[in-house]
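Once you've had a glance at the structure underneath, I'll fire off some questions.
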Amino acid sequence: MRGYVLKDAGHAEWTEVPAPTPGPYDAIVRPTAVAVCTTDVHLIATAGFPAAVGKAIGHEAVGIVESVGALVKDFAPGDRVIIPAGGTDWRHPNAQRGEGKYVQTNNAYFSEDPTVAGVFADLVRAIDVDMTMTPIPDGITDLQALMVPDMVATAFTAVQRMEIDFGDTVAVLGLGPVGLMGVAGAALRGASQVIGVDSRQTAALARQYGATHIVNHEEGDTREQVLAATGGRPVDSVMIASGGSASDVFTTALRVVKKGGHVANVSVFLDQESVTLPLDVWGHGSIERFFTGVFVQEGREFYTRLLRLIQFGRLDPTPLVSHKLKGWDQLDTAIGIMRDRVDNVIKPVVIP
Amino acid sequence: MRGYVLKDAGHAEWTEVPAPTPGPYDAIVRPTAVAVCTTDVHLIATAGFPAAVGKAIGHEAVGIVESVGALVKDFAPGDRVIIPAGGTDWRHPNAQRGEGKYVQTNNAYFSEDPTVAGVFADLVRAIDVDMTMTPIPDGITDLQALMVPDMVATAFTAVQRMEIDFGDTVAVLGLGPVGLMGVAGAALRGASQVIGVDSRQTAALARQYGATHIVNHEEGDTREQVLAATGGRPVDSVMIASGGSASDVFTTALRVVKKGGHVANVSVFLDQESVTLPLDVWGHGSIERFFTGVFVQEGREFYTRLLRLIQFGRLDPTPLVSHKLKGWDQLDTAIGIMRDRVDNVIKPVVIP
Amino acid sequence: MRGYVLKDAGHAEWTEVPAPTPGPYDAIVRPTAVAVCTTDVHLIATAGFPAAVGKAIGHEAVGIVESVGALVKDFAPGDRVIIPAGGTDWRHPNAQRGEGKYVQTNNAYFSEDPTVAGVFADLVRAIDVDMTMTPIPDGITDLQALMVPDMVATAFTAVQRMEIDFGDTVAVLGLGPVGLMGVAGAALRGASQVIGVDSRQTAALARQYGATHIVNHEEGDTREQVLAATGGRPVDSVMIASGGSASDVFTTALRVVKKGGHVANVSVFLDQESVTLPLDVWGHGSIERFFTGVFVQEGREFYTRLLRLIQFGRLDPTPLVSHKLKGWDQLDTAIGIMRDRVDNVIKPVVIP
Amino acid sequence: MRGYVLKDAGHAEWTEVPAPTPGPYDAIVRPTAVAVCTTDVHLIATAGFPAAVGKAIGHEAVGIVESVGALVKDFAPGDRVIIPAGGTDWRHPNAQRGEGKYVQTNNAYFSEDPTVAGVFADLVRAIDVDMTMTPIPDGITDLQALMVPDMVATAFTAVQRMEIDFGDTVAVLGLGPVGLMGVAGAALRGASQVIGVDSRQTAALARQYGATHIVNHEEGDTREQVLAATGGRPVDSVMIASGGSASDVFTTALRVVKKGGHVANVSVFLDQESVTLPLDVWGHGSIERFFTGVFVQEGREFYTRLLRLIQFGRLDPTPLVSHKLKGWDQLDTAIGIMRDRVDNVIKPVVIP
């Protein structure tokens, strides 16, 4: 079989690789749709995760089960599933406190095990599948399900960190795919006013997902524009989902959020070593503004609930798919679209 | 001026009463729309709150400020407002822990002070208005705002007690006005499947507010029908908003909710002294199922956030108003409609 | 090897049984200390859990690992451990939401698998041990560790349900071993006044664990005595850990707790089918008082934290061991002591 | 009467000032014990709060009520009380959501009203006393109560932000008076291992309050020493209560806390404009570590619960008082002791 293997920085290509074999709790899955993530683009450019070199990469996929290990209870060949996107170790005691996700034993990009590889391949080994793999109910499309394990899950984890209450006012900085799902998630938690901040062409889609205002940060000071939208009141919480300078965007977030409000960041600033923040946003130490990065919640239980939101009509992530290409040989093109931000790309998808 | 005064059990009528005068933190408000609640119907029938006898009754109203006390900061004559529905004492230290609502010093039905009276009157004294009265933004109708202080606020308080997470499955027992708002509130907190249980004609409205299934408890066992809708999985949480036997309805709720799930009751069973529940729902003591009655959250801060949900298009309670009558002389009719459940009544409103 | 096997209602005895063999994630452990629980006494009397008939019973034990399965990571022969007390299925997706404990696949009393048996035996099979078995640090005695998986864990789970804040006032109904740990747990969460309610001889021990008042319910009305201790203020939360009539004790708890307060029950009323409660404690539906049974939290992660409380001197459960007998042939005696409540028994222990 | 008035930067002195008169909800209180805070020292040095210039300063005091306004319900002359330390506006709707403390209308250092002044004076006006002033129960000394409104309250608010669960491991950076109370508060919330980090002479006192380890950051890398104490495991939460470079101390805190752990800062870095933090502690954006400054919770309800901890023997802050001076003329000396960190000062107190 073939996999799209990371060779070294700036270089990944289709290569013959050994077919995986399942452990007793594993399954082998054939991808039927994969998505390209900015993380993959960064990884190819930098080879920044050393353990990923020499492996097939990619982490967002749905597929059809080919075979299952002897001790698998809930899956059989032919099942349509979300392939696990991350590598939470559900067999670590930390999982008993909700901290299993911080132990990424089974993550293709971190594991030294060469058989723990990515989804850009003819066949993928999914590990501990009764805990990690998610059946896709009838009536949900591959494209919908494909957006769940990273785009929806990341955004909705961030929304949980924002501790939104009924009628809250929320700002979402950056309206890429995760930011758009942040808008949708905030609306689904009962926010009233949701202010999207971006200069991209996704404003209309953001409104469709529940944004009530759009602020273009290139047309003026973000804080002033946000306060103009709220009648001068800082927002209750902020999601950060935009690139650029971490110092700038964290500062903006901390300046538009109320005292006691929550800021959750989902952007990854791999090219920056440190962040400089003004101390007055924390009253030089004595004022509460809650800040954190966000680690996406994984697992079949969470993904199943997210799928139910699609199943019962609360959410449709289909419009995130801006580019749909057919055939593994289009993967290079799809990665290029994401890397070069071609044609107002949101999310490119490849159907093998 | 005139007020609709409770004389004794079974007897209330329009009566000349002294016009109220505001204390330094109070306002005098002229109602522009009032709603009739089942609580009022019960009160008239039973005179069950002794302190209410001899006073104007009624507790759901919006109006126009006539005058304000000397120390009021945020209101002026002519303001359009929600008149406080309950009587939370915001000047009691318990309010500092979120328990001010349990101290109902300013509640017309409990206070011995004759000037603390109901809203079925030409003029109403609102107490401590900077904390209790809520400005109605432009673009929100009187009818919308009128549904906020009891119908929406009660239901949404219950929804908070249900601790809904993304994708949860919810059952709402009873689809009267509070139950309907419970459906809407569950959807707004991110529930996926919302199952309404009732035999009333409100099914279509329930679907409009986000119910995905309707179960008619007269057509079979409620538990079996709910489990049929969910694929056999108990629901994550239940709101009880239906009448009848408390023992029956509490038991049903505890039997359809999962282990570890939450049941919040908003129905009032004034005619029943006790409730008998099966112990097996709690594993004879060793199983978690969380149960509580619900005390509606009050106050300008909460009502303001609920109004913002209307303002930004997340919620429209207008369809709750099933009957709209003009003139104080129609109040008797409105009360009769509610009492006798005329014409699929949900909520009768009178425009003085 | 021999096991103490439940034959039928009223009859358990030492019997030759096959030695267990470990699955790949299991271990075989030799008990070095076991405790007798009222649950075991009830089980012998009634054979109430049909799956337990024909098996060795018992569920509280510490021991020494004899052998481990091929895939066990963290244990080796010779390790001193807490043997898992319950049967949480950590390989069920519900565990990802903190609800694994409701899926008791591996519980000796519920499982149909004859090799999933109790701890009153020469050797015990512990299942999925990296998740369920807990290493005992040096400096913690067998007796201390033996109290953790049921007595401390059950009480401390209940304390978490009571949502204690700094300075709260707490009542604990019943001062048996779990109630005593409830007193200790409430003090460790920052309660100020802790009122123990019992007529037993454990008052002195309760004070040692942090009770500030003792109320003897045989010397007067419990509610009046509790309110006398608090200056008339209902308590913030209540743990129920006493026997008798569930209706009586639940009613007492709901009558001494404040509006908005929490009641958590750990007592098991296997001999009672239903409970009758006054509706006025819930304002006939409209007042918040939070009630639940308690399902003990299990797992290596939680037990490890509880052991750390002992290790760092915050808690010493040793005084719970009121009777210490040597030799498996004393197990019948130990069970009799618990059954007949001999000599102010708290907890009888057998050292095989 | 006389007050200790801030003249300008570096200059405060006893001055004749007008005696305050109470509003209808106020009281006039005669201080019987006051404490000097580093905030006061900074204020004198910098005159950094312009509104405080020309007023008596000081904010930690207990006293005897001299007179009360006409509408005060719960206080009378002669009552022994904690004088409110901050200036929470309990008449602002934000208080209904627990955010009243962010509206410091009544804070002597921020209010433009000259009658809203500090506690270093013969008489003090306390505002809205039924909500802000706290009766001191018999059996609690003035010195104990004096430590409550800032030292204990600040530390315990931070402990709440740290979301400690049973058996957690905690680090407290800085063992001044707030840090010491942080140690005590962590132990009172059920922490097991509590590691104090400081080079001061307060190690013995920290151990008395519940520290299990002391790390001297001058004797090696703090992170290495903390991990040596924990067996290599990052701590569950951190309180920052030490001075120096905010960048250094925040970085240290974020480096010793686990993924998903909480860091709460109570130190005030008025002399620093910004803070620079490494991005890797947040995985360049994708890892959760929760950070916030801390705004002390105020109000009679919270202080009353803290006093109950003293009343029922859970906490004794008396040892924080390192210097006790008699007579207002010793105030200058007390301030000098705090400013110059004389004689291992923790907290200097003056008894007028």
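First chain written, first letter: the chains are A, B, C and D, and each begins at residue 1.
Criterion: contacts are C-beta pairs under 8 Å (C-beta built on N, C-alpha and C of every residue); 3 or more make two chains touch, one makes a residue touch a chain.
What you see is a predicted model; the values in this text were computed from it and never measured.
J.: Could you label the subunit A-subunit B interface same or different, taking same to mean over half of its residue numbers are used by both chains?
T.: same
J.: Using just the Cα atoms, superpose subunit A onto subunit D and tell me the rotation angle to the nearest 5°.
T.: About 180 degrees, rounded to the nearest 5.
J.: So which one's got more C-beta contacts, A-C or B-C?
T.: Between the chain pairs A-C and B-C, B-C carries more contacts.
J.: What is the distance, in whole Å, between the centres of subunit B and subunit C, each centre taken as the mean of its C-alpha atoms?
T.: 41
J.: Could you check subunit C for residues that touch two or more other chains and list them?
T.: In subunit C, the residues touching two or more other chains are 97-98, 165, 304.
J.: Please give the residue numbers of subunit B that touch subunit C in the complex, ascending.
T.: 97-99, 102, 161, 165, 240, 246, 258-260, 265-270, 272-280, 282-296
J.: Show which residues of subunit A lie in contact with subunit B when the two form their complex.
T.: Subunit A residues touching subunit B: 156, 160, 165-169, 185, 187-194, 212, 304-309, 311-314.
J.: Applying the document's contact rule, which stretches of subunit C touch subunit A when the two form their complex?
T.: 90-98, 100, 130-131, 299-302, 304
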